[in-house]
Amino acid sequence: MLRAEGLRHAFGRIRALDDISFALAAGETLTILGPNGAGKTTLLRVLAGLIHPQGGRVALEGGRRAVGWIGHAAHLYGHLTVRENILFWAALYDVPGGARAARTDAVLARVGLADRTGQPVRTLSRGLLQRTAIARALVHDPRVLLLDEPFTGLDLAAAAEFRRLLHELAAGGRAMVLATHNVEEGAELATHVAFQRAGRFVAFTSRAGRGAPEIADAYRRAMADA
Amino acid sequence: MNHIRVGRWISGGALVLLAGVYVRALAFTPIERSQGLAQKIFYVHVPAAWATMLAMGLVGIASILFLLVKDDRFDRFAESSAEVGTAFSLVMLTTGPMWGKPIWGTWWTWDARLTLTLFLFFLFIGYLLLRSAVTDAGLRARYSAVLGICGLVLLPFIHLSVYFFRTLHPQPIVLKPSAPSLPGPMLVTLLCSVTVFTLLYVGFVMQRYGIAVVRDESEPRHG
Amino acid sequence: MREMLLHAWLVLRKDLVLEWRARTAFLSTLVFTVLVLLVFNFGRDPTAIGPLDLAPSVLWVTFTFAAMLALNRAFQLELENQALDGLLLAPVSRHSIYLGKLGANLAFVVVVQAIALPLFALFFNVDVGRVLGPLVAVMLLATVGFVAVGTLFSVMVIRTRFAELLLPVLLLPFLIPPLIWAVMTTAKLFAGRPLSEVVGWLRLLAAYDIIFVALATVLFPVTVSE
């Protein structure tokens, strides 16, 4: 569903991606753990097609239309209402005109914003803004989800609800790439784990039934060795 | 480092030759009958104009090449050429009025080619300001390439538009379809001077390019 | 091609809704434009220079300033929540984003001009009605040229320091050719000269528009994609 082959990218002499390869099938989730500046965001931006990598290639079934993106920023217009924003993005992602309104309302209800649809986005709190961003990313029913620190700004209850949603989506056959520096958060959803440091995957393994504490332990060791 | 050294030699040689050209222009080239001594400035003005146009043209071409192959060397070259071009356009803009005052009776006139060169100067300034305003090296290279290409496309339009204003400027005398109308010795002096200015351009750009290389090596680019 | 225009239309419509919601930018530009007309009126000695002598220059210098102001805010809308990245993530060609932005800016400037023109006729006592058709043609042709280059440059300066200062410095040399042709055409029209005398300039304006719209459409992706 999603395959990266030998990705390389540098900003000047800073290597953001150094020979990164992996493949994900439907239903699999890759969690990328790494400190700030490891190149996690660059990798996601390359996968999403925002950056043309200097080397290697990305094969993505369905192209940009199949990607849902949740990043640091919400990518929403403050002067439009929650519903208008989602309708706009649905149209840009070619959700058919007849289905647009129904999809929008369904996805807004799913993230718990059914009673906020008429509110201008600029008046939303950080947590509600993040929920709207999640709705934006899901409105076109993407097959691949790219998540860059997606829990930022969500309170505990909302984060738990969002994790439940992600589990559901994975069970429904989506492939996901989740970048985070929070081991507990990332380990829970993962079927595969990669540790990224200075642009390289220093480890890439199937999770194989290991619990979060084990992964956290391995992560600390990998970072200390490198 | 190498670029700087070679560039310095070429520039030095060109400056010596420039002195030679001026000896020839003042002592061995006949004085133009109607314009008198003031016409001598023409041997600096026209070659400076040539070097400015050359610089702008090469900024545009280097910009296109940069976008095609994404090689930093083209960006560095465009940067160097723009800075050197700015200097030559200043020479052109100062020598023009110095010649215009005795001949036209006015320092400045909105003559077609004079206006064109003024806009060349402003295009160069805008280009350099844009470069200094963008901190990210990758963005800077792409933005300035876009501006360089637009500038190249703009030139014929500026030429077309200012042409409609009645021009006082002497008509082109070397590069025109019929045979050059400049008397032999003057033409030879002019061509020598054009060659020397081209050498000066090459020398300056090489030095400036070398400086850019050293800078890029000492300050890694951030993304 | 149809898809590209459809996406451009979506971006355009979204921008116009945003402009309408936050009318401050539009109203400020409009008030500024009227004030420039007033300043010009008091900036001349009425006993020495008749209003008609100055009218074409006043009209076009005012329109140039108005366009500059409008273009400065063109991509401001997209900075909030990094909405521009959202547009780039969507399965939408970069060309359609440019064309949509161009259309929205054009609409913005044309509406300002449509309101300013009657006021100009009033202040400077010019019988605009007599030459309205050709005058509108010149205004449209020149404005397309202004906005085509301006939209391209405004996306470049928006993330620099001193964006508001840099845009005019970069843009003004590019506005000179259409400005010269527009002023000369307008002067001929106000002087009651036959249309055949201005056809040449109208052609030049059209050529400028075609070349710069095409060039900017081709170059725009370079300014937004890494």
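By written order: A, B and C. Residues from 1 in each chain.
One rule holds in what follows: a residue touches a chain if its C-beta (ideal position, glycine included) is under 8 Å from a C-beta of that chain, and two chains touch if they have at least 3 such contacts.
From a predicted model like this one, the values you see are computed outputs, not experimental measurements.
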Chain nearest the overall C-alpha centroid of the shown protein atoms: C
Chain separated most widely from chain B, comparing mean CA positions: A
Between chain B and chain C, centroid-to-centroid distance (C-alpha), Å: 32
Centre distance in Å when chain A and chain C are each reduced to the mean of their C-alpha atoms: 40
Distance between chain centroids, defined by C-alpha means - chain A, chain B (Å): 51
Per-residue overlap in chain C, given as positions that touch at least 2 other chains: 226
Multi-chain contact residues (two or more partners), chain B: 138
In the complex with chain C, residue positions of chain A that touch it: 45, 48-52, 63-65, 67, 69, 71-80, 84, 88-89, 91-94, 120-122, 129, 136
Residues of chain C touching chain A in the complex: 7, 10, 14, 17-18, 21-22, 77, 80-83, 85-92, 225-226
Residues of chain B defined as touching chain C within the complex: 67, 119, 122-123, 125-126, 129-130, 133-134, 138-139, 142-143, 145-147, 149-150, 153-154, 157-158, 160-162, 164
Touch list for chain C against partner chain B, complex: 149, 152-153, 156-157, 159-162, 166, 169-170, 172-174, 176-177, 180-181, 184, 204, 208, 211-212, 215-216, 219, 222-223, 226
